[in-house]
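Alright, structures below, take your time with them.
Each of the next two complexes has subunit A plus one other chain: subunit B in the first, subunit C in the second.
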Partner chain A sequence: MEHQLLCCEVETIRRAYLDANLLNDRVLQTMLKAEETCSPSVSYFKCVQKEILPYMRKIVATWMLEVCEEQKCEEEVFPLAMNYLDRFLSFEPLKKNRLQLLGATCMFVASKMKETIPLTAEKLCIYTDNSIRPDELLQMELFLVNKLKWNLAAMTPHDFIEHFLTKMPVAEDTKQIIRKHAQTFVALCATDVKFISNPPSMIAAGSVVAAVQGLHLGNTNTFLSYQCLTHFLSQVIKCDPDCLRACQEQIESLLESSLRQAQQHNISSETKTVEDEADLSCTPTDVRDVNI
Partner chain B sequence: MPSEHVAKQKRESLLCTLVGERRIGEQMEWRPVKANRVRRNLFGPVDHEQLQQDFQHMLRSSLEGAQQKWNFDFLRDMPAEGLLQWEELQSHDVPAFYHSCVVGEARKPLKPLNQGIVKEVKAHHFATVTLTENPKVAKKMSGKKSQAGKKQRQTSFTDYYSAKKQVKTNTQAAAKNLAF
Partner chain C sequence: MSNVRISNGSPTLERMEARQSEYPKPSACRNLFGPVNHEELNRDLKKHCKDMEEACQRKWNFDFQNHKPLAGKFEWQAVEKGSSPDFYFRLPRPPKVACKSAIHESLDVNGNCPTVIVVGSQGISEDTHFVDQKTDVSENQTDLADQCSGQRKRPATDDSSPQPKRANTTEEEISEESPSASSVEQTPKKSSPRRRQT
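Moving on, here comes the complex of A and B:
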């Protein structure tokens, strides 16, 4: 008899649907051209940086990935932030103790580019254990966008994955699982120095092949057989099939070593407390959390 | 090859577990533990004072670059010597898009490069412009009088059009001036 108002709002972030009109060949060709303009220099550790070493990039990348994970950022935020970081370091020598400031600033800008509700400066500063201040982050932001000449809409491998999947004659639920695995590989690649030289389209194609291989989908669908898929994707991104295979093999070996490290890490943390052990056995860790 | 097959299967299942639902509620239990782990300083303390100085230096040099490019002194908000001719326009002569405004807190004003020479209060003008009723868009070089008395009204497309036309005739005039 009483009338009640029900609030049916959910706390999910509203986002636009994928625009099918943007998934055509004309756009893909433009993307393949555009990715060259936003690519970092391969040899910046040798030619530009004095203090920054490859292992430091790994450390800051791992931290950035963890922050993105914990804040549940959109998938593209992390690879885009790494693109900013590499491009900045290609131009500008940086002190070691400012690398985390740069990493935080790159996430700050990438999050603004890709998210409905972006990460705040204050939150990011807390993640650095307050070693940097929000005003420093804002000043660094200005410096960063200046150095990148405001070219912030860089291509990420994620953009290409959508194009590949659209072109593939595969069932929707299969696409979904390929997408998920490939995106994980993309994040993994962004943490590793060896992949700086690969353009986003190559990483995307390599990740899709590695995902299909890992899932053994080649046996069930002839289009997804190794030969057929590498041939198809290398044509789409206009590269040599051998280059694509090399990239995919590199991704697989990176996965192997990351998994090995993850197992070691898990064993070491399992010995810490019994409580942790119970958690580890039931909670899925993300492959992106593993390379510490 | 059975061992290889087993290894492959093992890897696959591992990957499946690793990639598995990462946005599910279970993760909530992890949060406090992870928060402590993720929140960390990676490469030691940051030299805050040196950083401030370096920022000032970087911003100054980028301003200098901009001044060279546009021959406009952005610190003093004044045209500088160079090829471009600057002309002052009233805010109602240009679309609202070009009006200056500061969202949120204003940035700290930049210290002028050479404090001995540049001492006017004006020096900080550029950095502290706030949304005003009738902000000046740019200072003019030619000695034309500003039409300050005009009533504020909404800008329309034709306003912008006439303003552009004015610029054109003025550059011609300026070219004549340069010639002598």
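Moving on, here comes the complex of A and C:
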């Protein structure tokens, strides 16, 4: 018996309960102000970078997300790491073949900020196929945090989602599903260049609306009806409802295009590796379960 | 739709499994943008590091390498050891294993002496008070010896054999782990608020 108990303690994550004292309006207002100070420049591909192009950001972001998911990082780690990456690239021109080093370093720091057992430098280097060394990563870390002026506690959309859910008169289990779907949208947005210009609060609100829409929750609950929810959330984050709607539509079309890509990838990989069944098991087959 | 996964290994509703020495899957281990020139990279990183050091030195007019104030905007002033909060100069937290055994030992003994013993045998403990006293004195032997005899007056430290040992280890640790702890602390002070406006 004792052994079993010990096992349980080691294997599951012990999270702190949500602190009701931190989920109030005063904190939310401060967060809305704070998110402006940690926002990247929208035009860094044009103005700062010489070698790095938008499609390369997509490549490194997709890899970072894969690492974060495989390592079971907390959900906020990936968007926070992308915030670091964009902010660094807003100031500092970088060589193309160092972009992965930057991505790994951003995950390294974001993981330290958000996790009790952070990712190790050694593990991250393995994920780059050992193209970088741990000591390089540690030096890069110092360079990165210095360039970010040690402003590392940037707001993520996840921080806002909790506030929105607290304010929404919805059942707890519904909230949990909305949260999960919205978080997925947030991760998706962080991989896409188009969303750099949107502040975390906007991405969070757009993701919540898109999640509610995708789950068809608006039909049964009047508060969750499209009109009502967009109006409510645009007031919470103090933006124009049209802006929010545009963001949410952008999220939905991004989901659609990435699903199409995933399916194409699925079909091609299935035809390629018919004999290799082991490989098939790790292709993302369940994305097809999505209905919008 | 709750099965949406953006990439492989996406969890279901909430991540509940801890990271357990999961070895990276080969599929995710890839070099994205070609080989890195390590020599060039190291040279650049070193240069960035040097630039940062110089920028800090300029910003605070303080030579961080040699712990010496320089002439400039800030007027650096020596401060008495006890006047600043202890977390500025206490030893770093011990690793978890050592910490556990330290607690065990201190629980075994009554009174206020166990912490003293713990510091001697474990090297480091959370007893900041003791470290506080140690860092107060200058590094020379006689002061440390005084300190020891002072401690011995406390009740229940009847066994005198660990005493010299303790003095040795703590001295070593102080010089190893916080090289600046023995010197007086210095905190920056703006020479005049008016100058800052210019």
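In this section, the second predicted complex is superposed on the first by the 263 of 292 C-alpha atoms of A that agree within 3 Å, B and C clash if a C-alpha of one lies under 4 Å from a C-alpha of the other, contacts with A are read in each partner's own complex, and residues count from 1 in each chain.
The rule is short, and it goes like this: a residue touches a chain if its C-beta (ideal position, glycine included) is under 8 Å from a C-beta of that chain, and two chains touch if they have at least 3 such contacts.
All of these numbers come straight from a predicted model, not from anything done at the bench.
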So, on subunit A, is it clash or fit between subunit B and subunit C?
-> clash
What is the contact status of A:I117 with respect to subunit B (first) and subunit C (second): first, second, both, or neither?
-> second
First (subunit B), second (subunit C), both or neither: which does A:E69 touch?
-> both
Looking at the overlay, what does A:A187 touch: subunit B (first), subunit C (second), both, or neither?
-> second
Between subunit B (first) and subunit C (second), which does A:K167 come into contact with in this model arrangement: first, second, both, or neither?
-> neither
Quick one: classify A:L142 as touching subunit B (first), subunit C (second), both or neither.
-> both
For A:N97, select first, second, both or neither according to whether it touches subunit B, subunit C, the two together, or no partner.
-> both
Touching A:K175 in the superposition: subunit B (first), subunit C (second), both, neither?
-> neither
Superposed model, subunit C segment overlapping subunit B, candidates 91-99, 109-117, 145-153 or 181-189 | 181-189
Do subunit B and subunit C land on any of the same subunit A residues, and which?
-> 56, 59-60, 63, 66-67, 69-70, 72, 96-101, 126-129, 131-133, 136, 139-140, 142-143, 146, 180-181, 184, 214-215, 282-284, 286-287, 290
In the complex, the residues of subunit A that touch subunit C are 10-13, 56, 59-60, 62-63, 65-67, 69-75, 96-101, 117, 123, 126-129, 131-133, 136, 139-140, 142-143, 146, 176-177, 180-181, 184, 187-188, 191, 214-215, 258, 282-284, 286-287, 289-291
In their complex, what parts of subunit B are in touch with subunit A?
-> 11-12, 14-15, 17-23, 26-27, 29-31, 34-35, 37-48, 51-52, 55, 58-59, 62, 107-108
Tell me, which parts of subunit C touch subunit A in their complex?
-> 1-20, 22, 24-25, 27-38, 41-42, 45-46, 48-49, 52
Subunit B-touching residues of subunit A, taken from the complex the two chains share | 56, 59-60, 63, 66-67, 69-70, 72, 95-101, 126-129, 131-133, 135-136, 138-140, 142-143, 146, 180-181, 184, 214-216, 255-256, 259, 262, 279, 282-287, 290
